[in-house]
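Below you'll find the structure, written out as C-alpha coordinates, and then a few comments.
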Amino acid sequence: MILARVVGTVVSSHKAPKIEGIRFLLLEKIDPVTLKGKNDFVVSMDSVGAGTGEIVFYVSGSSARFTEVTEGKPTDSAIIAIVDNIEKDGSFTYQKSQ
Amino acid sequence: MILARVVGTVVSSHKAPKIEGIRFLLLEKIDPVTLKGKNDFVVSMDSVGAGTGEIVFYVSGSSARFTEVTEGKPTDSAIIAIVDNIEKDGSFTYQKSQ
Amino acid sequence: MILARVVGTVVSSHKAPKIEGIRFLLLEKIDPVTLKGKNDFVVSMDSVGAGTGEIVFYVSGSSARFTEVTEGKPTDSAIIAIVDNIEKDGSFTYQKSQ
Amino acid sequence: MILARVVGTVVSSHKAPKIEGIRFLLLEKIDPVTLKGKNDFVVSMDSVGAGTGEIVFYVSGSSARFTEVTEGKPTDSAIIAIVDNIEKDGSFTYQKSQ
Amino acid sequence: MILARVVGTVVSSHKAPKIEGIRFLLLEKIDPVTLKGKNDFVVSMDSVGAGTGEIVFYVSGSSARFTEVTEGKPTDSAIIAIVDNIEKDGSFTYQKSQ
(Lines give C-alpha, C1' and ligand atoms only; values in the text may rest on other atoms or scores of the structure.)
Protein backbone atom coordinates (compact mmCIF):
# COMPACT_ATOMS: atom_id res chain seq x y z
CA MET A 1 0.00 0.00 0.00
CA ILE A 2 1.12 3.55 -0.67
CA LEU A 3 0.72 6.64 1.50
CA ALA A 4 -0.99 9.62 -0.10
CA ARG A 5 -2.93 12.77 0.72
CA VAL A 6 -6.47 13.34 -0.53
CA VAL A 7 -6.20 16.53 -2.62
CA GLY A 8 -9.43 16.61 -4.60
CA THR A 9 -12.15 14.87 -6.52
CA VAL A 10 -12.75 13.70 -10.07
CA VAL A 11 -16.31 13.80 -11.39
CA SER A 12 -17.68 11.98 -14.43
CA SER A 13 -21.26 11.77 -15.67
CA HIS A 14 -20.37 9.40 -18.50
CA LYS A 15 -18.76 6.24 -17.19
CA ALA A 16 -18.92 2.46 -17.03
CA PRO A 17 -22.26 1.38 -15.48
CA LYS A 18 -20.56 -0.64 -12.75
CA ILE A 19 -18.93 2.44 -11.22
CA GLU A 20 -22.06 4.59 -10.89
CA GLY A 21 -22.42 6.02 -7.40
CA ILE A 22 -18.80 5.61 -6.37
CA ARG A 23 -16.68 8.56 -5.20
CA PHE A 24 -13.42 9.10 -7.04
CA LEU A 25 -10.81 10.96 -5.07
CA LEU A 26 -7.63 12.52 -6.41
CA LEU A 27 -4.67 11.39 -4.34
CA GLU A 28 -1.13 12.79 -4.31
CA LYS A 29 1.52 10.36 -3.15
CA ILE A 30 3.58 11.65 -0.23
CA ASP A 31 6.99 11.06 1.27
CA PRO A 32 6.22 9.33 4.60
CA VAL A 33 9.04 11.17 6.36
CA THR A 34 8.58 14.77 5.18
CA LEU A 35 4.88 14.31 4.29
CA LYS A 36 5.53 16.41 1.18
CA GLY A 37 3.59 15.64 -1.97
CA LYS A 38 5.52 13.95 -4.75
CA ASN A 39 3.58 15.56 -7.62
CA ASP A 40 2.48 12.02 -8.53
CA PHE A 41 -1.29 11.54 -8.65
CA VAL A 42 -3.75 8.68 -8.81
CA VAL A 43 -7.56 8.52 -8.97
CA SER A 44 -8.78 6.16 -6.28
CA MET A 45 -12.15 4.74 -5.22
CA ASP A 46 -13.00 5.67 -1.66
CA SER A 47 -14.04 2.81 0.61
CA VAL A 48 -13.69 4.57 3.97
CA GLY A 49 -15.19 8.07 3.70
CA ALA A 50 -11.89 9.95 3.38
CA GLY A 51 -11.91 13.72 3.05
CA THR A 52 -9.70 16.36 1.47
CA GLY A 53 -6.43 16.90 3.34
CA GLU A 54 -6.44 13.53 5.08
CA ILE A 55 -3.51 11.16 4.81
CA VAL A 56 -4.58 7.72 3.70
CA PHE A 57 -3.14 4.59 2.20
CA TYR A 58 -4.55 2.88 -0.83
CA VAL A 59 -4.27 -0.58 -2.32
CA SER A 60 -3.43 -1.10 -6.00
CA GLY A 61 -4.12 -3.81 -8.54
CA SER A 62 -6.61 -6.66 -8.27
CA SER A 63 -6.80 -6.27 -4.49
CA ALA A 64 -8.53 -2.92 -5.01
CA ARG A 65 -11.60 -5.04 -5.76
CA PHE A 66 -11.48 -6.66 -2.31
CA THR A 67 -13.33 -4.01 -0.28
CA GLU A 68 -17.08 -4.03 0.32
CA VAL A 69 -17.49 -0.91 -1.82
CA THR A 70 -15.39 -2.00 -4.77
CA GLU A 71 -16.12 -5.71 -5.10
CA GLY A 72 -16.48 -6.71 -8.75
CA LYS A 73 -15.78 -3.17 -9.95
CA PRO A 74 -13.26 -2.18 -12.62
CA THR A 75 -10.83 -0.51 -10.23
CA ASP A 76 -7.08 -0.61 -9.71
CA SER A 77 -6.94 1.70 -6.69
CA ALA A 78 -8.99 1.84 -3.48
CA ILE A 79 -8.48 3.84 -0.30
CA ILE A 80 -8.62 1.35 2.57
CA ALA A 81 -7.43 3.37 5.58
CA ILE A 82 -7.33 6.90 6.97
CA VAL A 83 -4.00 7.19 8.76
CA ASP A 84 -3.80 8.20 12.43
CA ASN A 85 -0.04 8.22 12.70
CA ILE A 86 3.15 7.23 10.95
CA GLU A 87 6.09 6.20 13.09
CA LYS A 88 9.61 5.87 11.68
CA ASP A 89 12.64 4.80 13.70
CA GLY A 90 10.85 5.49 16.97
CA SER A 91 9.55 8.98 16.15
CA PHE A 92 6.25 10.11 14.71
CA THR A 93 6.53 11.73 11.32
CA TYR A 94 2.76 12.25 11.33
CA GLN A 95 0.03 12.38 13.94
CA LYS A 96 -3.50 13.21 12.92
CA SER A 97 -4.80 16.27 14.76
CA GLN A 98 -7.73 15.52 17.02
CA MET B 1 -6.93 4.93 -12.14
CA ILE B 2 -4.86 7.38 -14.13
CA LEU B 3 -5.93 10.57 -15.88
CA ALA B 4 -5.11 10.86 -19.57
CA ARG B 5 -6.16 12.61 -22.76
CA VAL B 6 -7.35 10.69 -25.82
CA VAL B 7 -4.86 11.67 -28.53
CA GLY B 8 -5.44 9.13 -31.30
CA THR B 9 -6.20 5.61 -32.40
CA VAL B 10 -4.26 2.43 -33.08
CA VAL B 11 -5.52 0.15 -35.84
CA SER B 12 -4.62 -3.49 -36.38
CA SER B 13 -6.04 -5.94 -38.91
CA HIS B 14 -3.98 -8.85 -37.58
CA LYS B 15 -4.70 -9.46 -33.91
CA ALA B 16 -5.87 -11.96 -31.31
CA PRO B 17 -9.39 -13.20 -32.19
CA LYS B 18 -10.80 -12.15 -28.83
CA ILE B 19 -10.13 -8.47 -29.46
CA GLU B 20 -11.83 -8.19 -32.86
CA GLY B 21 -14.27 -5.30 -32.99
CA ILE B 22 -12.83 -3.36 -30.08
CA ARG B 23 -11.59 0.23 -30.43
CA PHE B 24 -8.05 0.91 -29.33
CA LEU B 25 -7.38 4.46 -28.35
CA LEU B 26 -4.00 6.09 -27.84
CA LEU B 27 -3.89 7.88 -24.50
CA GLU B 28 -1.33 10.35 -23.21
CA LYS B 29 -1.10 10.59 -19.45
CA ILE B 30 -1.61 14.13 -18.12
CA ASP B 31 -0.69 16.12 -15.06
CA PRO B 32 -4.04 16.65 -13.29
CA VAL B 33 -3.07 20.17 -12.23
CA THR B 34 -1.61 21.67 -15.42
CA LEU B 35 -3.43 19.20 -17.74
CA LYS B 36 -0.23 19.01 -19.79
CA GLY B 37 0.66 15.75 -21.47
CA LYS B 38 3.50 13.78 -19.93
CA ASN B 39 4.76 12.26 -23.20
CA ASP B 40 3.86 8.88 -21.71
CA PHE B 41 1.44 6.85 -23.80
CA VAL B 42 -0.72 3.77 -23.42
CA VAL B 43 -3.05 1.90 -25.79
CA SER B 44 -6.39 1.42 -24.06
CA MET B 45 -9.66 -0.36 -24.86
CA ASP B 46 -12.57 2.04 -24.95
CA SER B 47 -15.61 1.04 -22.88
CA VAL B 48 -17.40 4.42 -22.83
CA GLY B 49 -17.30 5.94 -26.33
CA ALA B 50 -14.51 8.43 -25.64
CA GLY B 51 -13.34 10.73 -28.42
CA THR B 52 -10.12 12.51 -29.36
CA GLY B 53 -9.29 15.41 -27.06
CA GLU B 54 -11.39 14.22 -24.15
CA ILE B 55 -9.92 13.75 -20.71
CA VAL B 56 -10.64 10.32 -19.32
CA PHE B 57 -9.39 7.96 -16.68
CA TYR B 58 -8.51 4.38 -17.33
CA VAL B 59 -8.10 1.28 -15.19
CA SER B 60 -5.00 -0.93 -15.46
CA GLY B 61 -4.25 -4.56 -14.79
CA SER B 62 -6.73 -7.38 -14.30
CA SER B 63 -9.53 -4.92 -13.49
CA ALA B 64 -9.39 -3.75 -17.11
CA ARG B 65 -11.33 -6.97 -17.82
CA PHE B 66 -14.19 -5.91 -15.51
CA THR B 67 -16.19 -3.72 -17.91
CA GLU B 68 -19.02 -5.01 -20.10
CA VAL B 69 -16.95 -4.39 -23.23
CA THR B 70 -13.72 -5.99 -22.06
CA GLU B 71 -14.86 -8.99 -20.01
CA GLY B 72 -12.65 -12.02 -20.70
CA LYS B 73 -10.46 -10.06 -23.12
CA PRO B 74 -6.65 -9.92 -23.05
CA THR B 75 -6.45 -6.31 -21.92
CA ASP B 76 -4.47 -4.43 -19.29
CA SER B 77 -6.03 -1.00 -19.88
CA ALA B 78 -9.64 0.14 -20.27
CA ILE B 79 -11.16 3.62 -20.33
CA ILE B 80 -13.96 3.65 -17.78
CA ALA B 81 -14.91 7.33 -17.48
CA ILE B 82 -14.99 10.56 -19.46
CA VAL B 83 -14.10 13.28 -16.98
CA ASP B 84 -16.41 16.27 -16.39
CA ASN B 85 -14.22 18.07 -13.93
CA ILE B 86 -11.15 17.74 -11.75
CA GLU B 87 -11.10 19.63 -8.48
CA LYS B 88 -7.93 20.09 -6.45
CA ASP B 89 -7.74 21.92 -3.11
CA GLY B 90 -11.09 23.58 -3.72
CA SER B 91 -10.47 24.85 -7.27
CA PHE B 92 -11.24 23.29 -10.61
CA THR B 93 -8.17 22.45 -12.65
CA TYR B 94 -10.44 21.17 -15.41
CA GLN B 95 -14.06 21.65 -16.41
CA LYS B 96 -15.36 20.04 -19.58
CA SER B 97 -16.78 22.63 -21.97
CA GLN B 98 -20.48 22.22 -22.61
CA MET C 1 -1.24 -2.12 -23.86
CA ILE C 2 2.16 -0.80 -24.89
CA LEU C 3 3.56 -0.19 -28.36
CA ALA C 4 6.86 -1.88 -29.22
CA ARG C 5 8.97 -3.09 -32.11
CA VAL C 6 9.97 -6.73 -32.49
CA VAL C 7 13.77 -6.62 -32.44
CA GLY C 8 14.80 -10.24 -31.91
CA THR C 9 14.26 -13.58 -30.26
CA VAL C 10 15.19 -15.28 -27.01
CA VAL C 11 15.85 -19.03 -27.09
CA SER C 12 15.91 -21.40 -24.13
CA SER C 13 16.26 -25.16 -24.09
CA HIS C 14 15.86 -25.41 -20.32
CA LYS C 15 12.57 -23.91 -19.19
CA ALA C 16 9.30 -24.50 -17.36
CA PRO C 17 7.41 -27.40 -19.01
CA LYS C 18 4.30 -25.29 -19.60
CA ILE C 19 6.10 -22.91 -21.95
CA GLU C 20 7.58 -25.53 -24.31
CA GLY C 21 6.87 -24.75 -27.94
CA ILE C 22 6.12 -21.07 -27.47
CA ARG C 23 8.06 -18.36 -29.32
CA PHE C 24 9.67 -15.70 -27.17
CA LEU C 25 10.25 -12.42 -28.94
CA LEU C 26 12.43 -9.56 -27.76
CA LEU C 27 10.49 -6.30 -27.90
CA GLU C 28 11.79 -2.77 -27.60
CA LYS C 29 9.24 -0.22 -26.43
CA ILE C 30 8.81 2.71 -28.82
CA ASP C 31 7.65 6.30 -28.66
CA PRO C 32 4.35 6.25 -30.61
CA VAL C 33 5.06 9.66 -32.13
CA THR C 34 8.69 9.37 -33.26
CA LEU C 35 8.63 5.54 -33.41
CA LYS C 36 12.12 5.55 -31.89
CA GLY C 37 13.12 2.76 -29.57
CA LYS C 38 13.31 3.61 -25.88
CA ASN C 39 16.11 1.18 -25.04
CA ASP C 40 13.62 -0.56 -22.77
CA PHE C 41 13.12 -4.24 -23.53
CA VAL C 42 10.70 -7.01 -22.64
CA VAL C 43 10.49 -10.70 -23.56
CA SER C 44 6.98 -11.43 -24.82
CA MET C 45 5.06 -14.53 -25.90
CA ASP C 46 3.87 -14.25 -29.48
CA SER C 47 0.17 -15.00 -30.06
CA VAL C 48 -0.17 -13.49 -33.55
CA GLY C 49 2.83 -14.54 -35.65
CA ALA C 50 4.73 -11.26 -35.39
CA GLY C 51 8.08 -10.89 -37.17
CA THR C 52 11.25 -8.87 -36.65
CA GLY C 53 10.82 -5.18 -37.44
CA GLU C 54 7.05 -5.13 -37.03
CA ILE C 55 5.35 -2.73 -34.67
CA VAL C 56 3.02 -4.49 -32.27
CA PHE C 57 1.29 -3.92 -28.99
CA TYR C 58 1.43 -6.33 -26.12
CA VAL C 59 -0.63 -6.92 -23.01
CA SER C 60 0.99 -7.20 -19.57
CA GLY C 61 0.07 -8.89 -16.31
CA SER C 62 -2.57 -11.55 -15.77
CA SER C 63 -4.32 -10.64 -19.02
CA ALA C 64 -1.30 -11.99 -20.91
CA ARG C 65 -2.81 -15.41 -20.11
CA PHE C 66 -6.05 -14.55 -21.94
CA THR C 67 -5.01 -15.42 -25.51
CA GLU C 68 -5.53 -18.83 -27.10
CA VAL C 69 -1.76 -19.41 -27.20
CA THR C 70 -0.96 -18.35 -23.65
CA GLU C 71 -3.93 -19.63 -21.62
CA GLY C 72 -2.78 -21.10 -18.32
CA LYS C 73 0.88 -20.31 -19.03
CA PRO C 74 3.27 -18.50 -16.69
CA THR C 75 3.47 -15.32 -18.74
CA ASP C 76 3.26 -11.63 -17.98
CA SER C 77 3.56 -10.37 -21.56
CA ALA C 78 1.82 -11.42 -24.79
CA ILE C 79 1.77 -9.80 -28.22
CA ILE C 80 -1.87 -9.46 -29.22
CA ALA C 81 -1.78 -7.24 -32.33
CA ILE C 82 0.41 -6.31 -35.26
CA VAL C 83 -0.16 -2.60 -35.83
CA ASP C 84 -1.32 -1.26 -39.22
CA ASN C 85 -1.28 2.38 -38.31
CA ILE C 86 -1.01 4.81 -35.43
CA GLU C 87 -2.91 8.06 -35.70
CA LYS C 88 -2.30 10.99 -33.36
CA ASP C 89 -4.15 14.30 -33.46
CA GLY C 90 -5.42 13.58 -36.96
CA SER C 91 -2.11 12.56 -38.57
CA PHE C 92 -0.55 9.17 -39.02
CA THR C 93 2.70 8.72 -37.11
CA TYR C 94 2.96 5.20 -38.54
CA GLN C 95 1.52 3.34 -41.51
CA LYS C 96 2.61 -0.21 -42.21
CA SER C 97 4.11 -0.56 -45.66
CA GLN C 98 2.12 -2.85 -47.95
CA MET D 1 10.00 -10.12 -4.22
CA ILE D 2 11.82 -7.00 -3.10
CA LEU D 3 14.30 -6.56 -0.25
CA ALA D 4 13.49 -3.88 2.31
CA ARG D 5 14.15 -2.81 5.88
CA VAL D 6 11.36 -2.44 8.42
CA VAL D 7 11.59 1.22 9.49
CA GLY D 8 8.31 1.88 11.28
CA THR D 9 4.59 1.39 11.59
CA VAL D 10 1.44 2.96 10.21
CA VAL D 11 -1.62 3.07 12.46
CA SER D 12 -5.21 3.64 11.40
CA SER D 13 -8.38 3.49 13.47
CA HIS D 14 -10.65 4.13 10.50
CA LYS D 15 -10.17 1.49 7.83
CA ALA D 16 -11.82 -1.19 5.72
CA PRO D 17 -13.41 -3.82 8.00
CA LYS D 18 -11.47 -6.67 6.39
CA ILE D 19 -8.11 -5.29 7.54
CA GLU D 20 -8.97 -4.87 11.24
CA GLY D 21 -6.34 -6.44 13.47
CA ILE D 22 -3.56 -6.54 10.91
CA ARG D 23 -0.20 -4.87 11.51
CA PHE D 24 0.94 -2.40 8.89
CA LEU D 25 4.66 -1.91 8.71
CA LEU D 26 6.51 0.85 6.92
CA LEU D 27 9.23 -0.62 4.72
CA GLU D 28 12.10 1.16 2.99
CA LYS D 29 13.46 -0.63 -0.05
CA ILE D 30 17.19 -1.30 0.14
CA ASP D 31 20.05 -1.90 -2.24
CA PRO D 32 20.95 -5.58 -1.65
CA VAL D 33 24.67 -4.88 -2.05
CA THR D 34 25.19 -1.77 0.08
CA LEU D 35 22.07 -2.38 2.22
CA LYS D 36 21.42 1.36 2.04
CA GLY D 37 17.85 2.59 2.01
CA LYS D 38 16.55 3.90 -1.32
CA ASN D 39 14.20 6.50 0.18
CA ASP D 40 11.38 4.51 -1.45
CA PHE D 41 8.70 3.35 0.96
CA VAL D 42 5.78 0.94 1.01
CA VAL D 43 3.19 0.01 3.63
CA SER D 44 3.09 -3.77 3.96
CA MET D 45 1.01 -6.30 5.89
CA ASP D 46 3.15 -8.38 8.20
CA SER D 47 2.67 -12.14 7.95
CA VAL D 48 5.81 -13.25 9.82
CA GLY D 49 6.21 -11.08 12.93
CA ALA D 50 8.91 -8.79 11.56
CA GLY D 51 10.35 -6.06 13.76
CA THR D 52 11.90 -2.64 13.23
CA GLY D 53 15.40 -2.78 11.77
CA GLU D 54 15.03 -6.25 10.29
CA ILE D 55 15.69 -6.92 6.63
CA VAL D 56 12.80 -8.69 4.97
CA PHE D 57 11.40 -9.37 1.57
CA TYR D 58 7.83 -8.74 0.61
CA VAL D 59 5.55 -9.93 -2.17
CA SER D 60 3.50 -7.48 -4.25
CA GLY D 61 0.26 -7.67 -6.19
CA SER D 62 -2.38 -10.37 -6.02
CA SER D 63 0.07 -12.81 -4.45
CA ALA D 64 0.11 -10.64 -1.33
CA ARG D 65 -3.25 -12.30 -0.60
CA PHE D 66 -1.67 -15.78 -0.57
CA THR D 67 -0.41 -15.89 3.02
CA GLU D 68 -2.41 -17.25 5.94
CA VAL D 69 -2.66 -13.78 7.44
CA THR D 70 -3.69 -11.91 4.32
CA GLU D 71 -5.99 -14.32 2.50
CA GLY D 72 -8.98 -12.52 1.01
CA LYS D 73 -7.76 -9.13 2.26
CA PRO D 74 -7.44 -5.97 0.17
CA THR D 75 -3.64 -5.94 0.16
CA ASP D 76 -0.96 -5.45 -2.47
CA SER D 77 2.06 -6.00 -0.22
CA ALA D 78 2.86 -8.67 2.37
CA ILE D 79 6.08 -9.44 4.20
CA ILE D 80 6.74 -13.15 3.73
CA ALA D 81 10.30 -13.64 5.03
CA ILE D 82 12.79 -12.23 7.52
CA VAL D 83 16.18 -12.46 5.83
CA ASP D 84 19.09 -14.32 7.46
CA ASN D 85 21.65 -13.56 4.80
CA ILE D 86 22.13 -12.20 1.32
CA GLU D 87 24.92 -13.66 -0.77
CA LYS D 88 26.11 -12.05 -4.00
CA ASP D 89 28.85 -13.42 -6.24
CA GLY D 90 30.12 -15.68 -3.46
CA SER D 91 30.29 -13.11 -0.65
CA PHE D 92 27.76 -12.18 1.97
CA THR D 93 26.49 -8.63 1.68
CA TYR D 94 24.33 -9.23 4.75
CA GLN D 95 24.31 -11.66 7.66
CA LYS D 96 21.78 -11.27 10.42
CA SER D 97 23.43 -10.83 13.79
CA GLN D 98 22.73 -13.65 16.21
CA MET E 1 9.24 -11.42 -18.98
CA ILE E 2 12.48 -9.69 -18.07
CA LEU E 3 16.05 -10.78 -18.70
CA ALA E 4 18.34 -10.97 -15.68
CA ARG E 5 21.52 -12.62 -14.40
CA VAL E 6 21.52 -14.85 -11.32
CA VAL E 7 23.94 -13.09 -8.94
CA GLY E 8 23.29 -14.74 -5.59
CA THR E 9 20.90 -16.20 -3.07
CA VAL E 10 18.71 -14.96 -0.25
CA VAL E 11 18.25 -17.22 2.77
CA SER E 12 15.54 -16.99 5.41
CA SER E 13 14.80 -19.33 8.30
CA HIS E 14 11.73 -17.39 9.39
CA LYS E 15 9.18 -17.14 6.61
CA ALA E 16 5.62 -17.85 5.51
CA PRO E 17 4.90 -21.60 5.82
CA LYS E 18 3.87 -21.90 2.16
CA ILE E 19 7.33 -20.96 0.91
CA GLU E 20 9.34 -23.49 2.95
CA GLY E 21 11.74 -25.46 0.79
CA ILE E 22 11.83 -23.04 -2.12
CA ARG E 23 15.09 -21.51 -3.38
CA PHE E 24 15.21 -17.74 -3.53
CA LEU E 25 17.69 -16.37 -6.01
CA LEU E 26 18.92 -12.81 -6.27
CA LEU E 27 18.59 -11.56 -9.83
CA GLU E 28 20.09 -8.45 -11.40
CA LYS E 29 18.24 -7.16 -14.45
CA ILE E 30 20.44 -6.81 -17.53
CA ASP E 31 20.49 -4.83 -20.74
CA PRO E 32 19.80 -7.47 -23.42
CA VAL E 33 22.21 -5.81 -25.84
CA THR E 34 25.27 -5.11 -23.68
CA LEU E 35 24.39 -7.79 -21.07
CA LYS E 36 25.50 -5.33 -18.40
CA GLY E 37 23.75 -5.37 -15.05
CA LYS E 38 21.38 -2.49 -14.37
CA ASN E 39 21.96 -2.40 -10.60
CA ASP E 40 18.26 -3.27 -10.25
CA PHE E 41 17.59 -6.41 -8.22
CA VAL E 42 14.71 -8.77 -7.54
CA VAL E 43 14.34 -11.87 -5.38
CA SER E 44 12.84 -14.64 -7.49
CA MET E 45 11.65 -18.20 -6.88
CA ASP E 46 13.56 -20.69 -8.98
CA SER E 47 11.47 -23.15 -10.99
CA VAL E 48 14.18 -24.42 -13.36
CA GLY E 49 17.36 -25.07 -11.38
CA ALA E 50 19.21 -21.91 -12.39
CA GLY E 51 22.71 -21.27 -11.08
CA THR E 52 24.85 -18.23 -10.33
CA GLY E 53 26.06 -16.43 -13.44
CA GLU E 54 23.39 -17.78 -15.73
CA ILE E 55 21.18 -15.50 -17.77
CA VAL E 56 17.51 -16.24 -17.25
CA PHE E 57 14.15 -14.63 -17.72
CA TYR E 58 11.54 -14.44 -15.03
CA VAL E 59 7.80 -13.85 -14.95
CA SER E 60 6.24 -11.25 -12.63
CA GLY E 61 2.86 -10.82 -11.00
CA SER E 62 0.13 -13.40 -10.65
CA SER E 63 1.62 -15.53 -13.42
CA ALA E 64 4.59 -16.25 -11.14
CA ARG E 65 2.19 -18.71 -9.46
CA PHE E 66 1.69 -20.66 -12.70
CA THR E 67 4.75 -22.94 -12.56
CA GLU E 68 4.74 -26.40 -11.00
CA VAL E 69 7.06 -25.20 -8.22
CA THR E 70 5.22 -22.02 -7.33
CA GLU E 71 1.55 -22.93 -7.69
CA GLY E 72 -0.52 -21.40 -4.89
CA LYS E 73 2.53 -19.72 -3.34
CA PRO E 74 2.77 -16.07 -2.32
CA THR E 75 5.19 -15.10 -5.09
CA ASP E 76 5.42 -12.26 -7.57
CA SER E 77 8.54 -13.46 -9.40
CA ALA E 78 9.54 -16.86 -10.79
CA ILE E 79 12.43 -17.86 -13.04
CA ILE E 80 10.92 -19.83 -15.92
CA ALA E 81 13.82 -20.20 -18.39
CA ILE E 82 17.59 -20.40 -18.58
CA VAL E 83 18.56 -18.51 -21.72
CA ASP E 84 20.65 -20.17 -24.48
CA ASN E 85 20.90 -17.18 -26.73
CA ILE E 86 19.58 -13.70 -27.35
CA GLU E 87 19.38 -12.51 -30.93
CA LYS E 88 18.77 -8.86 -31.84
CA ASP E 89 18.48 -7.53 -35.39
CA GLY E 90 20.06 -10.68 -36.80
CA SER E 91 23.09 -10.88 -34.49
CA PHE E 92 23.58 -12.75 -31.24
CA THR E 93 24.12 -10.48 -28.25
CA TYR E 94 24.46 -13.58 -26.07
CA GLN E 95 25.25 -17.25 -26.61
CA LYS E 96 25.57 -19.54 -23.65
CA SER E 97 28.97 -21.23 -23.55
CA GLN E 98 28.81 -24.99 -23.96
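Labels for the chains are A, B, C, D and E, by order of writing; each one numbers its residues from 1.
Here is the rule we go by: contacts are C-beta pairs under 8 Å (C-beta built on N, C-alpha and C of every residue); 3 or more make two chains touch, one makes a residue touch a chain.
Just so we're clear, the structure is a prediction, and the values are computed from it rather than from any experiment.
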Required steps from subunit C to subunit D (each step between touching chains, minimum)
2
I'd like the angle of the rotation relating subunit C and subunit E after CA superposition, in degrees, nearest 5.
70
So, what's the distance in Å between the C-alpha centres of subunit D and subunit A?
20
Gap in Å, rounded to a whole number, between the CA centres of subunit C and subunit A
33
Two or more other chains are touched by the subunit E residues 61-62, 64-65
Starting at subunit D, then subunit E, how do the chains run round the ring?
D, E, C, B, A
Going by the contact rule set out above, which residues of subunit C touch subunit B in the complex?
1-3, 31-33, 47-49, 57, 59-68, 78, 80-90, 93
Can you tell me which positions in subunit B touch subunit C when the two form their complex?
7-19, 24, 26, 39, 41-44, 52, 61-62, 64-65, 72-77
